[in-house]
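What follows is a set of notes on a single structure, which appears directly below.
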Amino acid sequence: MTFNLRLIPLLPFLGAAILMLFGRKWKRDTVLIVAAGAIAGSCLVAFDAFFTALPRAAAGGGLHDVVGTWIAAGSLKVDLAFRMDALSGLLCLIITFIGFLIHLYSSGYMEHDPDYPRFFAYLNLFCGSMLVLVLGDSLPVMFIGWEGVGLCSYLLIGFWYTSNANADAGKKAFITNRIGDLGFLIGMFLLYQYTGSLNIPEITAAAQGGGALMQPLWGATVAFWAALFLFVGATGKSAQLPLYVWLPDAMAGPTPVSALIHAATMVTAGVYMVARMHAVYLLTPGAMAIVAIVGALTALFAAIIGFAQNDFKKVLAYSTISQLGFMFAGVGTGNFDAGVFHLFTHAFFKAGLFLCAGSVMHAMGGSGDITIMGGLRKKVPWTHGVFFVCWLAICGVPFFSGFFSKDSIIGGAFGTEIFDAAINPLAGEHLAWVGKAVGVVLMLAALGTAFYMSRLYFLVFSGSETRASDEIKHHIHESPGAMVGPLVVLAIGAALGGFIGLPGGLLDHPEWNLLADRLRPVLGPEMEISRAMEIGFMVGSVVLALGGIGLAYLFYGGGYREPARKFAAAAPRFVQLVRDKFRIDELYGFLIIRPVKAIAKGIFFVVDRILIDGFLVGGLAWVVDLVGSIARWLQGGDVQRYMAVFAIGVAAIAYLATQPMHTFFSNALKVTVNGLTVDVDAHRGSIAANRVLDYSFDFDDDGKPEVTGVASGAHHVYPQPGTYTVRVKVKDPSWGTSSTLTQKVEVR
Amino acid sequence: MGLLGWVTLLPLFGAALILLVPQEEESIHRGLGLLTAIVTFVVSLLMLSGFDAGQAGFQLEVNRSWIAPLGIRFHLGVDGISLWLVMLTTFLIPVTLLSPQAIGIRNIRVREFTAAMLILETGMIGAFLALDLFVFYVFWELMLIPMYFIIGIWGGERRFYAAIKFVIYTLVGSLLMLVAILYLYAQFHAATGGYSFDYAQLSHLSLPASAQMYCFFAFALAFAIKVPIFPLHTWLPDAHVEAPTGGSVILAGVMLKFGTYGLLRFALPLFPLAAAQAAPLIAILAVIGIVYGALMAFVQDDAKKLVAYSSVSHLGFVVLGILTLNPTGIQGAVYQMLAHGISTGGLFLGVGLLYDRRHSRKLSDFGGLWAKTPVFAACLLVIVLASVGLPGLCGFVGEFLVLIGTFTAQKLWGPAGLTGYFPAPKLMGGIAATSVIISAMYLLGMYQRLMFGPLDKPENRAVRDIHGAETWVFGIMVTAAIVMGLAPQPILNRSEKSVEAFVASYRDRLQEAKRNPDVPPHIYPPLPAAAAEGGGTP
Amino acid sequence: MSFDATQLFAYAPMLILIGMGCLILLAETFAQGASRAGLAWLGIAGCVGALIAIVAGWAGAAEPTTHFQGMLVVDRMALFLDGTFVAAALLTLLFAPPYLREQGFEFGEFYAMVLFATAGMVMVIHATHLVSLLIGIETMSLAAYVLTGCWRRSLRSAEGAIKYFLMGAFATGFLVYGMAMVYGTTGGELSYAGIASKVPQATKSPLFYLGEYFILVALGFKVAAVPFHMWAPDAYEGAPTPVTGFMAAGVKAAAFGAIVRLLGSAFASPLLVFDFTGWASVLAVLAAATMTLGNLAAIRQDNVKRLLAYSSISHAGYLLIGVVASGLGVASAKPAVLFYLASYTFTTLGAFGVVAWIGNRSDERLYVDDWAGVGTARPAVALAMTLFLLSLGGVPPTGGFFGKFYLFRAAMESPQLHWLVVVAVVNSMVSVYYYLRVVVSMYFRDSTRALAPTEGATMRLGLLLTAIAVVLLGIFPGTVVEWAGSIALK
Amino acid sequence: MPTTYYLVLSFVLFLIGTAGVLLRRNALIALMGIELQLNGGNLAMLAFSRELGDLKGHVFAFIIIALAAAEAAVGLAILVALFRGRQTVNLDEATLMKR
């Protein structure tokens, strides 16, 4: 069914365009009305569309809106078309709803910024792009959004452009994303090459048919490589190993941006994409294993880095990376709806956390250094409350949203059958360990999550005194209503959001899992796990969460405690290494960026300057110059030298002209081979009739001519086959000059 | 004279008119120049409206006898490929003339500059439209002279060197091409008894393999220098850097396309067998050029040089697209030519504007300009992103289609018995695609060093934002970049038939040539009856 | 063996030139001071008269007619080149008066000598007999020697003249000796047709080849083909500039006409063209050497006059390609050579005209650097000079381009000459480099000292005419090609 | 006497003349060398004319003599001009123009 889906992204785009063209001269309120109005309108349309779509989506359909043909060339045809099913609908709601909240929040947060209109223009642009990303019916349209959000991220990270660090961070984000995009593009090209289409439903259909994508390619299948390359795109966008490095730096942007783009929406695009292309992934357990392993490792790795960060937003950034790792582990183990579920809950609690961070930093005069915070519980009560809820949610405390979603991912990892060769014929024996290993790593990561989040909470809010300077302390205040309002809404979401994905199987009411139920037509049936296992994991994860919180309390409850100091003193270099994020950035700089730059510079000088311009061009010029100089040297001014050259010229011509058979124009010998018999004719034009020449024919080049005489032609029979050189000497008796002609003949 | 004749010659008449106005009347020169360019653009719009997208062949032909004794005819015609390149030319020239920075900082002799630009326009349009190889060659050389003067008179410090280098490089190729044209002419005579330089007739001439190789080399060399294909590119950074803004815009925006247009129009169709044999080499060079140009751009501190090297990279895509020899890739190549005209033209206008304001092109001399020039910064950002190939802007469509075409190159050619003709398409496509990363690195790096960071250089505080005509110039370029990114279809539709016909006829002629590689010059496919007459006498 | 005076009418152009030359010599004795300018006008009138006579005779010359027992012939080729020579003379007479006046040696004899030299050229091109050829060559050459050396104040002029004269006389020695050999070995034949008819028997003696090549060498000297070119740079530099143009255009064209006629009739036998004594291969090598050496030597010249002298050497090389192609049986080669000569005449005269224009008595401004800023100071002249230089370099839309195109086109029809065309093309490329050096100086550099050129209405007229001719020959060469082509129809 | 003898003599004359032009520094003597070359040609012409019994050769020889005279006249005039400028007629000193 068609529906004006185009309105959903169009409204924010329009808002952005209007603000860019006219916003500079407008009052702030007008700007806000346009910006928030655009996204609110979009949100309303999205809700309308979503609830129109749901009943149809249940039957496997959805809403569809073709704007027109975008690119058609040769066999390729890409429509500018949008499609809404349960999956994209859910994402749309998250984007527009949280987007709207963040617009509101920003009106307070950015209140004093001179570039207020520009900020909102970017935000609108971002929302539009993100909506195109999720609604896109084909990979190229999705790619518009994919790159568009990257662009907005770039612009917003570098929003305060006067600092080079911010601009650098933006550039780094864009370029790292582009590395991923290269993978996305190649994956797209592979899919096109083998399915002949870039339309997602068609690719899905082709993948479910199997054939085309199961062709062998580079030692695996097409599906494997396509899935892998697409996943490279996802690692860039969603900040997974090894391309996660941009996200911590991206915290340079305004905090609402971190909340919206770098926590709730954009960074989850990779997860969305994998879920969207699940049909392709299901064909290749190998690629899924890679997705799951990368996800799990990222979850753990980022959590560990999170232990030692002292910047509020940096901690949250690593937390985001880590949570995204969970999601990938979810989709990578075939538990697509769990991945999307975590995406959903994460959107709320992480956006809430970030906005709290913004609120706290707002209160602290812009500083995000948690070592100087502490005891803020009383001073910013609303913010504290929201943070508290979100903290519990991310730690996985029962009945908060994160509990359900994280649990279903971990449970799914242990229970997955994707890598079981006995059940999934596509999987090899060697993959059997993946599910369990991923599960274990994820459990460690969950423990780590509880620990570093609690550390953050305790260091910031607990205790009685604030470690900051008096001047800062004096200014600490709760944020205005425009900021607090959205926070509360997000807190509610973070607290209750988990109930849309209740483990229905456990409660004997699968339909209670609203999310999985709705997503089933898109992503297939949810994973079945035995009840005992499920309960076991629930208990286990509660223990992990509480354990992490408890451990953190031991270390940081009410401020820095003795164990924390002791630990830091015991392994100072390790702590420093973790604090320096394992120096991965430096490693990249050393291994990749600097060599590339040095090589490029080297090539520039060696190839362009020396080899081509110096040697080739300059060398030619040198030769030309040399000959010219010789000619000029000959022209010495002495007329008698000129005449001598003249005379030598005459002599040379006489010499050239009197060489018998001398010629520039053709091969003189005409050779006809017939078996072992060879006829050679040195006759040229009409000369022989007029001049008597002596010919001697030496057919085997042994110095002894076989035939001599005034006849220009001769005949010879070779004794055996082989390759011979015929040498003909022509003598002009009247001039006494002679010349020799040779030619190779092959007789068989 | 026909519509095409008018499009071609109007700028020349305008130039003559301008040269008659006394030296001092600079505003009249500018006005007349702009007027001429706009009228030409309007006439070219008439051409566009008269163009029938459903037809593959040449349309709106003008075909009059010119030098009858040699069978040379003033034969112009437009098809879906040249149509857009002409439109690009007639579009860019008025925009350039509108820009106050076009003439560069040596703001002298406006009359001659305007006239030179218009003569250049005639040369370019004529060369795009020419269907007679002699006419093509004349126009091809005709554009050389004004560009030489534009670089040499209004250029930067090393302008003599750059101008001479430009001319010599170009001549190296074009004169050998002239020999090959003459050879074709002689062989056509040998095969049919008629004398003709007409493209429609010569493109039926099938040469033996060895002769094809020589002729293809001559043609391809001329075009490869113009493109430029690595390693023939070193004239380009020098020429671009030294040329005044207007010269750089036209040089990069239009003139480089003659290389790729020539490959598509002449080198490949005329010598299918040799082209197929050389294709792997050229494709590899194109890929090298893509990466190489990008890497070179990455290490430049001179903004113009950076943009110049980026052209090497972008034009590599065009060459690669042409060599895929499937409609998708060639459509992409055609589109990339246009998009590059817009994006790189815009970049040169932007860099030129800054050069005009600050008399420096060194990136390290800038920084933090956004605060001073927000509108300009926004415009430049769009153009930079178009050049980076962001989807939704013009640069994406072409690169995307080229890469798609590259990936599917073998798929289309395999069934035709021509496997192995395009080596390792996925590898080549993959390597070429890395430029999406590097282009982001150098272009955003450039943008950052211009616009972001602290405004810590005192000279930069006085830089003024765009105003007046400049706003129009950048507004037009930005609009073009966005429209071409969102709605490429009107363009692709009109070139579709011609591209498909090109591929079909190329494949047909290639297979014929493969069957008879050593047959002496002959006509294939047979000349249509109407075209067979009309040849001249010796 | 009777003398029919009516035959003289066919040679009206030559007679008019000679007659007007004599008239000028007479008038010179009465002329005083400023009235000497009138002498130039007399010469111009003579040229115009000759042109009219040529046009009048054109229609009747469709079929060649021989006169004076086969000594002279009137045909289209001769008339075409006559027109070129007379045009060259006319332009020289337009350029010369202001120049001579400025340099202080305006004598009536100068104009007479120009007319006599032209008459000699006409004789050369009409000659179908070795005697008339020799007389024509000598008439032309002696006048040219005198013209070269007539600038009495200049040491260079005298030095150039003595070099030119000595080498010219040296070449005449070869010419005469060669003629003697041909005369003897052909059994007493001196007319071209007679020689051609006796070639089969004459080739039995090697002396015939000696004679043939001696004659060719002497003519090669006149066109300044390498290695007989060495006089040219010095003579061209020494001669008064308008004379240099006249020599580079007229003398060269006449010698080429003679070569084409001689090789096309007397030595046209395939026995002589091809093979080991064939002139085709020898001339092909000479052509390659000539253009290459001329161009490479020109690259480093700083003196514009000398630069143009070397360039004129290289153009002889291009023209030789046409001669060879014609010998190898390409029908369109001869018209191509004629067209090239015509366009080259206008171009080179124009270029030397500008060189004459730019200097004055105290400051000749012959060096490339001296030309700085001309583009700003005198845009029209700079534009004209640019046209001439581009034409010399073979860049469209000029006559030089079309001439080269036409010539190469003809050569490409002979597979044996493809290599030569490639060499020629590479050479054109090199040549553009040094032609553009002058353009660079004129337009791209700022003037170092004020320009005080030799002004004169006739000079301006001459430049205008040459510039228009160069452009017209480039854009609409059709008519001239038809004229030139009409010789091939017979 | 056989014609060959005359021809050999004529060639010798021609060579002597050539050598004179090439080797003697004095322009006057070089001029004489040229005359010798021409005379070599004349002698050959006459020898052939006599052998063939054809008068054209004789006539040609007269014309060549006339031309030689004209050449000498012009040549001497140029020599005078040269001498007036630099007070010498040595050819190796006339090297104002070179390269």
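Of note:
A, B, C and D are the chain letters, set down in written order, and residue numbers restart from 1 in every chain.
What we mean here is this: a residue touches a chain if its C-beta (ideal position, glycine included) is under 8 Å from a C-beta of that chain, and two chains touch if they have at least 3 such contacts.
Keep in mind that what you see is a predicted model, and the values were worked out from it rather than measured.
More C-beta pairs touch across one of C-D and B-C than the other; that pair is C-D.
With centres computed from CA atoms alone, B is the chain lying nearest the middle of all the protein shown.
With centres set at the average Cα position, the gap from chain C to chain D is 25 Å.
Rounded to a whole number, the gap between the C-alpha centres of chain B and chain D is 64 angstrom. With centres defined as mean CA coordinates, chain C is found 42 Å away from chain B. Chain A and chain B have CA centres that are 31 Å apart. Across the assembly, chain D contributes residues 18, 21, 30, 91, 94, 96-99 that each touch 2 or more other chains. Shown for chain C are the residues that touch two or more other chains, namely 162-163, 166, 170, 174, 233-234.
Listed by chain label, the pairs that touch are A-B, A-C, A-D, B-C, C-D. Chain A contributes residues 20, 24, 68-76, 140, 143-144, 146-148, 151, 154, 158, 161-164, 166-168, 170-171, 174-175, 178-179, 181-182, 185-186, 189-190, 192-193, 596-597, 599-601, 603-604, 607-608, 611-613, 616-617 to its touches with chain B in the complex. For chain A in complex with chain C, the residues that touch the partner chain are 624-625, 627-629, 631-632, 634-635, 637, 639, 641-643, 645-646, 648-650, 652-654, 656-666, 684-687, 689-691, 732, 734-735, 739. Taken in their complex, chain D has these residues touching chain A: 18, 21-23, 25, 30, 91-92, 94-99. Looking at the complex, you find that chain C touches chain B at residues 331-332, 375-376, 379, 390, 395-397, 401-402, 405-406, 408-409, 412-413, 418, 421-422, 425-426, 428-429, 432-433, 436, 439-440, 443-444, 476-478, 481-482, 485, 488. Of all the residues in chain D, the ones that touch chain C in their complex are 3, 7, 10, 14, 17-18, 21, 27, 30-31, 34, 37-38, 40-42, 44-45, 47-49, 51-52, 54, 56-57, 59-60, 63-64, 67, 70-71, 74-75, 77-79, 81-82, 84-86, 91, 94, 96-99.
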